[in-house]
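So, here come the structures, one by one.
Heads up, the next two complexes both have chain A, just with different partners, chain B and then chain C.
Moving on to the complex of A and B:
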């Protein structure tokens, strides 16, 4: 079994009109056994920047801790939060540092730049970065998630519509994945607030 | 990343990673199965039928390799049909169970099928036989099999009672399946349940949204173990950067 499908995850991030949304499933399992359903895979870095990490959960957790450490130091020195685009490139560099013994995690970065424009990027396990204007996904069933996002995404969605779209893409995507699901959490980031909601989903 | 994903799809065989549950009660047998068929982690079929009829009143609950169990069920259905044509009677459940067992035992190097043979005949009423991999035959009062069964042995042991009513037995089967479907990633989707008594065959289909749920309303996730480390300092009034 692949190291990337040892735990299981589904993460979707989308850009709307001056807002971004990012969501993940809540399953924590070891191969085919489900252990808990309260483990999100999206983490807050600061009010306008969220990070989703799929892959081996131990590496996702460690990477998150290391990045929080680096962002905290950055905040002390720069006296401001890191821009999402900067964070994305920092993460890409951090992953490539481990080119021949990588973190088995694939990140998605979603945030709002200081001027309010949405920022989305995704990387593979060794830090090859790609930005997108529409959506970014990662997880154990990428085909299902891509299919849903390609058909449902439209430009300039308002926050409520964006939430609905991310919710439907995530849920329909992970309902065909045995290793992801058991609930979902979605964060919608706008310039003045973040609304976080959980979804009641199938628990199988 | 893509290479390993492609490999797992291409190499994994379709498997009814499954839960099958059956029990006898006062008057007959109740049995059921989940509906998930997966290739690796892709759910190829979310509403499959894992219960195959072997004759009018004898059924096979299939778990293990999907193609192996389908071939076994086709073969045994054929033999039983021939046997009942020659004898002029409905086939017996014991004969069906033995035929399944012989196929499992004589081809043990090749077949991976863990099955339950359940039925009703006029000689002995409702009966249940477990036929696991390699060809054991065991007559049982209740039986479970498949990958999801690991999670429900405790439930089945503690909740099973002799001589249950039909409603109690159906509830036992349904709850056992639902509990396994919650914990086992390779079981899920739908529940198909049959009850056999002297009046005949009764079939119940429970779609995914009507399967019993046990999780209740969960609190908002804080972020698991990592969130607990990074968030608790804030809650206690300590300094949190980020």
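Moving on to the complex of A and C:
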């Protein structure tokens, strides 16, 4: 039984034309039992930076709280929000610090750099960083998510097209996963607004 | 987090060991299966690497960078656990920069090699990093291999990683001393390609890095082998409204207008 499939999650992030979208499922369960359907796995760090965390939910929540603490201190000292690329490297270092006793959480970082270019990166549980120009996924059924994203991603999508694509990839991906699903939320970040939509999905 | 003076933090080990005793299997870290190679030619060193990073048998990154910067005249190719490689090369790169500022001299390749081997030996092979380190310093071109337990070799041509036998086959057949630059680059690219095509842990593209006394030529994606041979004739475009939305929340990010310098503060 893998620690990674104790809670279950599905997270997809994609880059479009001067926008990014990141979405996750809403199930919170303990092995085969579902407890709630209102637990998003994507957390806001600041207006233009969102962090998705899959894996053991307790570690995902602890890691999110520790990162918010570090970001708040950074904001007080620097008087500005952290750039997504900086945040990605800080997260990579924070995970590698626990190389021999890791947090069981695999992150996906999605945001817009100050000049408006999309930034996407993902990591394994010990902080090996991968920056992507197209999409990043993490969760309990990576094969189905990879399959959908590889097929459906196109370069330079507008925010509305990007939303529809992420929605279909996420929903079709987690429909093949018993441990993820039960609702989905997707955030689309553009330079002048963030639209968060909760989707109607199969509740099984 | 961020409270100790660097190094590793072992505070979650007890909890993780407890979970393992209960039968939980730990998640797999990303590895760089890899084919990395280097050779010394007439004017310097040529390093080469593939660009595939794997998580079990799934490709995690189709175009990752395995030739890491150590100093302006020293680069290292890495095979092993991806996180270990990135962090150990960044750490040695930082240490070697501080050493440059302290000594006021150009970095020597053996300095970087000694820092790597001392770190890896200290962790007894648990930091899984196998490297091909190459560079050009005041004593000429150098090429070293560094193994995860901390042993090193100094060689005229070297390969490491799961595709090392594939690449070494090319080197053993075609290597000569004092090759010219185009021949050396072609041979390293061929060796890496041999790994990419025949080893399952290596794939995607070929990166090269040529280091001479005049500088470095970092040829990212020297051979781009993963171009799709087809494109969808009718790409799938979902019309707006395909996904049913239950709730929508719009957060406007247009900044608040700040009017400054309207009136002087009254300090009487």
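By our rule, the second predicted complex is superposed on the first by the 204 of 204 C-alpha atoms of A that agree within 3 Å, B and C clash if a C-alpha of one lies under 4 Å from a C-alpha of the other, contacts with A are read in each partner's own complex, and residues count from 1 in each chain.
By definition in this document, a residue touches a chain if its C-beta (ideal position, glycine included) is under 8 Å from a C-beta of that chain, and two chains touch if they have at least 3 such contacts.
In this text the structure is predicted, and so the values were computed from the model without any measurement.
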item: Which of chain B and chain C A:72 touches, first, second, both or neither; value: first
item: Touched partner set for A:80, first chain B, second chain C, both or neither; value: neither
item: Touched partner set for A:196, first chain B, second chain C, both or neither; value: both
item: First (chain B), second (chain C), both or neither touched by A:96; value: second
item: Which superposed partner A:17 touches (first chain B, second chain C, both, neither); value: neither
item: Partner chain(s) touched by A:106 [first = chain B, second = chain C, both, neither]; value: both
item: Contacts of A:204 with chain B and chain C, given as first, second, both or neither; value: first
item: Residues of chain A contacting chain B in one complex and chain C in the other; value: 1-4, 106, 124-125, 142, 196, 198
item: Partner chain B, residues of chain A touching it in the complex; value: 1-5, 8, 26-29, 31-34, 36-40, 43-46, 61, 64-65, 68, 71-72, 75-76, 106, 124-125, 140-142, 144, 175-179, 183, 185, 196, 198, 202-204
item: Interfacial residue positions of chain C with respect to chain A in the complex; value: 1-2, 8-16, 19, 23-30, 53, 55, 58, 60-61, 64, 81-84, 86-87, 126-127, 235-240, 242-254
item: Of all residues in chain A, those that touch chain C in their complex; value: 1-4, 6, 47-48, 55, 66, 69-70, 92-104, 106, 124-130, 132, 142-143, 146, 151-152, 154, 160-161, 163-165, 167-168, 171, 191-200
item: Chain A partner contacts - residues on chain B that touch it in the complex; value: 1, 4-5, 7-8, 17, 34, 36, 38, 40-43, 46, 147, 151, 181-189, 208-209, 211, 213-215, 218-227, 229-230, 241-242
